[in-house]
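Chain naming follows the written order as A, B, C and D, and within any one chain the residues start at number 1.
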Amino acid sequence: MSKIPAYLQRGYITPEELFSIIPKPSEERLRKRPVAVPECPQEIPCAPCREICPTGAISMPTPNDLPVVDYEKCIGCSLCVQICPGLAFFMVHYVGDKARITMPHELLPVPERGEEVVLLNKVGEPVGMGKVITVVPREKSKGDTPIIVVEVPIELAWDVRAVKVVRE
Amino acid sequence: MSGKKIVCRCNDVTVEDVERLIDSGITDIEEIKRLLRIGMGPCQGRTCIPIVISILARKTGRKPEGIPLPKARVPIRPVRVEVLVGGGDE
Amino acid sequence: MRLNEHPVLRFEHGREITIYFEGRPIRAYEGETIATALHAAGIRVLNYSPNEKRPRGLFCAIGKCSSCLMVVNGIPNVRTCITLVEDGMRIERQHGRAKLPREAKPPEFRDAKVVTADIVIIGGGPAGLMAAIHAADAGARVVLLDENHMLGGQLVKQTHKFFGKREQFAGVRGVEIARILEEELKKRENIEIFLETSAVGIFQEGDEKLVLAVRKNRELLEFRGRAIVVATGAMEKMIPFENNDLPGIYGAGAIQTLMNTYGVKPGDRVLIVGAGNVGLILAYQLIQAGVEVKAIVEAMPKVGGYFVHAAKVRRLGVPILTRHTILRAEGKEKVERAVVAQLDENWQVTPGTEKTFEVDVIALAVGLRPSIELLHQVGCQIKYVRELGGHVAVRDEWMETTVRGIFIAGDSAGIEEATTAMLEGKIAGIAAALRLGIANESWVKGLETAQRDLDEFRSGPFGRHIADGIRKILAEVRA
Amino acid sequence: MSRIAVIGGGIIGVATAYELAKLGEEVILFEKNYFGSGSTFRCATGIRAQFTDEANIRLMKYSIERWEKLGEELEAEIGFRHSGYLFLATSEEEVEAFKNNINLQNRFGVSTRLIEMDEAREIVPILNTEPFLAGAWNPMDGKANPFKTLFAYLAKAKELGVDAREHTEVIGVEREGDEVKAVKFRSNGKVESVKVDAVLNASNAWAPLINEMAGLKKDLIPITPYKHQLVKTEPLKEGQVEPLVCPPSWNDSYVIQDGEDGGIICGSGIEHEAKSLDDYEPTYNFLRGVLRYAVKIIPAIRHAHIVRQWAGFYAKTPDKNPAIGRLLDNFYIAAGFSGHGFMMAPAVAQAMAEFMTKGKSKVPLDWEWYDPYRFERGELRSSAFQIG
């Protein structure tokens, strides 16, 4: 029996594991503009990201292949984040000492622009607070999924993948 | 409430009941079905039969492939008698 | 316990009415089932079992497991999970085996309503809908029946977006796919639809096939046609553990029905057993409905479903305990706690690893098996194929079983996905029309396109497993 | 001690194997499917002495006496009880016929009596009394659990050394002159042969095939399988329809509560000749036809749910009486029970075992009446009354 990848035993993938499968965008590229990074390490029959990408930046010879993003071709439009059925696409953009993470948010309440939210890492632990920069509501999203951009400390750029909205 | 592992809800048959019968030498699923009345209740065997097959496979070393599924019968879900008699009756 | 808002779904209630549970008035809405209304009112124990007087509650929610039998208006053995509420209904818990009412009048004997068509399609889920659309386009007169009050099968409970390719509805939510297919169906004048209609048996009378069915639990129907497509989907497996019959333990599908069809929360704190796609998707749906998921336990050493589904619930704080199993449920009349433990390499419980979760719901997502009862009953050859979820009907590349004129598609042909169910439905619908000589040869092309799409979909690690199972089935046909 | 092969693992074969072992014989028992899979496990569970001829009345009176003590003898719970049979008359002519039958039955010690509908309603509280004029009621008739009974016989038989083989098909009977010498059988694809001193053909519907293997004419004992179907409701509280209730003029339709789970079993005279010996396909015609009458007997059944319909064989002879006796020097038959095998088994098994080993039996079985050669001679008996 082949060895079971650690991410399948735990249900989440560490940055090290992820970047052993796909290349990590360069610091320069991360600072230029948002770049799409698929956290999709498993061969499943799925192709909407490739189909929706306006610049052909996502390569995937057959639907069962892993999506690989050509970071230079990626214009940071977020359509892949909106459409991805597995909610596995994220965009990362380094801005000063912060990182802006674009992520899907299919829960209620949907945060508002400017709202401070609890940042959750890949196992749902709160790791700090962050500000919501942008909200694309469900009606405006190409994939019926609201997406939000959240500002997080740069060192958490590869950890924060969800938020929790806490209101009085 | 005792910690029973229920195989058949319709007749309150437990894993232990099935194992005991198999240990006594009854290993044909048709015979197990009739002696414990598994699959003869209102659920018509939907929940219990796969569990019995897996217990049988485990206890006898047979493959599930080799254990025949007891026949499904008309009607495949319970139907009220008055419906069968007075068809078309609203 | 009723859901007022949901990030994806909108709930439309029928008229508010009153039903009486053991004399106590309870608010209910027209269009919902008795069990749903009772559940919303916090009533978990529906009856006491015949021999051991064990409390029993809702389990399957689709009229199959017999766990929800109650006395309704004096009539015993009513399946409350599929019987709709009516104003003023009197509902009592059933205690074991029931007495029939002492006074009754013999009903009149009447002929059943007869509906004829070329092809009778049983099941209005993704497979049946696609079979109907394609058989109709190929020129057949089609009648489609489904047990539920709406078309779409399991799709209507799916809030997540589907995988696959764009032409296979990838990126579209299940609920939305159901709506699109239903619209397509209704555009076609040669399709007749019967909802709330359960097929209960197939009889072969010469060249004609008779599908005996019951509508709304009170009307007998005879569907007569020359070909049948059985697209009856799947049902959930159950596993034995201590007190596995305690009220508050549900099949995953039952929770989806309560929550996503009727807008009723199953409880407050849930333990899920099984980290296949069903368990993972359920966890996400529960969180969407505002229910806390304490953990998912999985006996295998890895997540069985898609990794991306696991990652979605992990980042919302749900632990996934692989190599763990449920030992027992605890509670007096309903679930109060669940005890789990770790498994070693030999699938034995490691002593000292017991963990207790304070939960009021245990959801079983331990796998599905094909609903083959009709196929088995009518005499199709049945074979156990593990890769396809258990016993399945032997069928050829055109989805035709060993009983000529009876075709299958979707989960009833082998547990897979809605996407493949739709492709199989297309094949079965076209094949049935071809076999009857209704469709001309040009339709073979469409059928072959669907076959190629299926091959492509199944070329990954998940699909290869299925393809292995299908090869075993096809070997049986050739033998 | 001689070695006897019993062919057929239904109630007659299993019970006779037990009786033979009890008499010290070495018995090998063959069943091609699983035990009980032929007609026994498909039966309607009823046991009655209300027949219309002396031979069957006397045999069944004795059989019921054996049934009473059978559980004790086999040291197992077999679910036998005196739940009675209630026949209902719909016309004055039928009431007269009932009276004649009752006289005959009383003459041989069977306690049947004519009752009025008030009493009938006491016996069956949910009975529809309106269409009926009177009932023939024998409280000593009854029912038993066919599964438990067969397995109780089988367990005891094995204890006494019977070599009981299921999924083992007899494929040949070796014969020299008027004697059978060996039985050839197949199990798991393997063919074997065993030398025997005697053979009993207890394979009911399949009996003509075995006779043919023994070199006899296939139609020497003309047995035709008729599909006799039943439908059953979900389990219900016991005691609602305890006896078998049957208005014979309504196409022999009947209802009886299963003694085990209380489900109501409904049968009828609607029959179809089986297309083959594996044609157990239930028919739509029967499903609706049987219930049409059942709801008139017990109107409250309308509220119960049918959970299954199945078919078994009435292995019928032309006069609907079984063929019991000797066919060759050491080749015997007890088959063609025409629907009465289960109820007759305790008596027939004992009689057959004694007859095979001692040439005579103390069971009041009229060997002349059941003589297997009567068909060849064209001497048919009066048709045995056929219910459950």
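The working rule: a contact is a pair of C-beta atoms (placed from the backbone, for glycine too) under 8 Å apart; a residue touches a chain by one contact, two chains touch by 3 or more.
If you're wondering where the values come from, they're calculated on a predicted model, not measured in any experiment.
Student: Which is the least count of steps on a path of touching chains running from chain A to chain B?
Tutor: Shortest path length, in steps: 2.
Student: Per the centroid of Cα atoms for each chain, what is the distance between chain A and chain D, given in Å?
Tutor: Their C-alpha centroids are separated by 73 Å.
Student: Could you please state the distance in Å, as a whole number, between where the Cα atoms of chain A are centred and where those of chain C are centred?
Tutor: For chain A versus chain C, the centre distance works out to 33 Å.
Student: I'd like the Å distance between the centres of chain B and chain C, where a centre is the mean of that chain's Cα atoms.
Tutor: Distance between chain centres: 20 Å.
Student: Compute the distance, rounded to whole Å, between the mean C-alpha positions of chain C and chain D.
Tutor: 42
Student: Any chance you could list the residues of chain D touching two or more other chains?
Tutor: Answer for chain D, listing residues that touch two or more other chains: 234-235, 261, 287-288, 292, 295, 301-305.
Student: What are the residues of chain C that contact at least two other chains?
Tutor: In chain C, 50, 77, 107, 109, 201, 203, 212 touch at least two other chains.
Student: Quick check: what residues of chain B touch more than one other chain, meaning two or more?
Tutor: Expected reply: 10-11, 41-42, 44, 73-75, 78-80, 82, 84-85, 87.
Student: Pairs of chains that touch, anyone?
Tutor: A-C, B-C, B-D, C-D
Student: Can you tell me which positions in chain D touch chain C when the two form their complex?
Tutor: Residues 125-126, 128, 234-238, 240, 261-262, 281, 283-284, 287-288, 292, 295-296, 298-305.
Student: Flag every residue of chain C that touches chain B in the complex, lowest number first.
Tutor: Touching chain B from chain C are residues 49-52, 54-56, 59-60, 63-67, 69, 77, 79, 107-113, 198-201, 203, 212, 214, 217-222, 235, 237-246, 328, 331-332, 369, 372-374, 376-377, 382-384, 386, 390-391.
Student: Quick check: in the complex, which residue numbers of chain C touch chain A?
Tutor: 5-8, 160-166, 170-173, 176, 275, 287-288, 290, 301-303, 306-320, 322, 419, 456-463
Student: Going by the contact rule set out above, which residues of chain B touch chain C in the complex?
Tutor: 1, 3-7, 9-12, 15, 41-44, 46-48, 50-51, 64-65, 67, 69, 71-80, 82-90
Student: Considering the complex alone, what residue numbers of chain A touch chain C?
Tutor: 4, 7-13, 39-48, 51-52, 62-64, 83-88, 106-108, 110, 120-125, 138, 143-146, 161-162
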